[in-house]
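Should a chain be cited, it is by its letter among A, B and C, assigned in written order, with residues numbered from 1 in that chain.
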Amino acid sequence: MQAAVAVSEGTRINLLEEKIAALESRLAEAEGRLPDDRVTLMIFSGDLDRVMSSFVIATGAAAMGQQVTMFFTFWGLSVVKKSSEFRDKSFPQTMMALLSPASSKSLPVSKMNYFGIGAAMLRKMLAKQNVFSLEDMLALARELGVRIIACEMSREVLGVHESEIMDGVECGGVATFLADSLRSRTSLFI
Amino acid sequence: MQAAVAVSEGTRINLLEEKIAALESRLAEAEGRLPDDRVTLMIFSGDLDRVMSSFVIATGAAAMGQQVTMFFTFWGLSVVKKSSEFRDKSFPQTMMALLSPASSKSLPVSKMNYFGIGAAMLRKMLAKQNVFSLEDMLALARELGVRIIACEMSREVLGVHESEIMDGVECGGVATFLADSLRSRTSLFI
Amino acid sequence: MQAAVAVSEGTRINLLEEKIAALESRLAEAEGRLPDDRVTLMIFSGDLDRVMSSFVIATGAAAMGQQVTMFFTFWGLSVVKKSSEFRDKSFPQTMMALLSPASSKSLPVSKMNYFGIGAAMLRKMLAKQNVFSLEDMLALARELGVRIIACEMSREVLGVHESEIMDGVECGGVATFLADSLRSRTSLFI
């Protein structure tokens, strides 16, 4: 059968070399399009229950070896605030600051908040089951190398100064979020 | 060493050819399973703050070269309504229409709405920071080629007639959403 | 031209064999990183409208041949509860149980609930359009092989006993959710 083949072995080898080069470049292209071991969360909510959930997912994913990004936007910005300042704010920005939590300590719950009783109750229930507090969760996330980003646009719209944001938290825009999210195995909007 | 090999060079080439053919088909299969440069958003919420966030993500992703699909369902349907009509609606559908925004212009905010004061305030705050209005965002999204879909099932359940939906918005079901979402790098439920 | 090549055909074949072996292992590695035909939903919300939406997506995806996981956490836990028991609950857990739906039958809607009128209205509107009820959706999901998981941590924090959870629903933690989610084409937080 071999004898019946008209092309020489040299020619066949040439062809194989070409095919392998093509395969190598196609595979490199495919590898570049694979998701990384990465999880990206956009935390829009500023409700204690939802925010806690985001930290359980974030620290869990980091413990499983994923690179995790948490992008805090709009109401979620309160989570990475250390205090509220009232200078250099427009009237609506001041109203917003007065009605929003000054820091993670005063986040409400999304249901049954009853002027903070619900939030206090939830914190107690979590502590009783030895679940970390929100503040400990945030510290743990940072220890585990979770990237914490405060949304630049939300900060500007709400008139939150950079000095109101926790130290060591970077500011970034939607392009920063997307750059991580597009390479992630799992992205969630919380 | 070469001399010690029992198989002929022709046989070795045959084997290589087979292996390469197998690799090519495996790679083609893998390529077919890679995510596209695609972002798919399901907008369930009809709250101005969440909807604005979805448009920031959608237009940002489109500007970064992703193909973007926005699927508006349930309360989100208000975003792609141009008006409310009250003919041919059942009693609960009429109630729903009366209590829901007639178009994107009257979306509430998810917190601190205070009968629309919160929404008006947020619109002012966005404008002051030169953020596009929701209506401009929608126009920009369409210019950037974002695919805008109104959920067929929500439309029927809520009794929203096709004539109440903005021109140029297609209607589709969950299969339409999933077809895009399953091929996306990032899918979010907002 | 062929004559000008210094290396023997045997050497060239050796080289090709090495390259193919390298390609095979790289491709196997890439294949292991591809997403499965899989959709994973975390249902945090206990609102009828959002939960219905999650079932439409879940059953739609299952019908399209995806392996689907629904992970019910926090308020979403009510969906997979068959009843409320009040023994062995702390005071806040009892309060929470009193104020939360005892089962899927009494889920509120996220807006315009008006002490249950909104939920009843929505159920009627869905039935009129021949959309399955929530309970039928859940049964359908299970028939289609959707994996239903109750969040272990939420169960413990809220003091919900295993005997309050529907039969045949497994309990699992965030690692269980992530194991499925990281291999999914689409993951949503609802």
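As a convention for this text, contacts are C-beta pairs under 8 Å (C-beta built on N, C-alpha and C of every residue); 3 or more make two chains touch, one makes a residue touch a chain.
What you see is a predicted model; the values in this text were computed from it and never measured.
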{"item": "Copy-to-copy rotation for subunit B and subunit C - C-alpha atoms, rounded to a multiple of 5°", "value": "120"}
{"item": "Self-contact between copies subunit A and subunit B, residue sets same or different by half", "value": "different"}
{"item": "Subunit A-subunit B separation of Cα centroids, rounded to whole Å", "value": "20"}
{"item": "Residues of subunit C touching at least two other chains", "value": "9, 13, 16, 20, 23, 27, 30, 34-35, 187-189"}
{"item": "Complex interface listing, subunit B residues touching subunit C", "value": "2, 5, 9, 12-13, 16, 19-20, 23, 26-27, 30, 33-35, 40, 42, 44, 73-75, 90, 92-93, 95-96, 99, 153, 156-159, 173-175, 177-178, 181-184, 187-189"}
{"item": "Touching residues (chain side subunit C, partner subunit B) in the complex", "value": "8-11, 13, 16-17, 20, 23-24, 27, 30-31, 34-35, 39, 49-50, 53, 56-57, 60-61, 64, 66, 110-112, 121-122, 124-126, 128-129, 131, 185-190"}
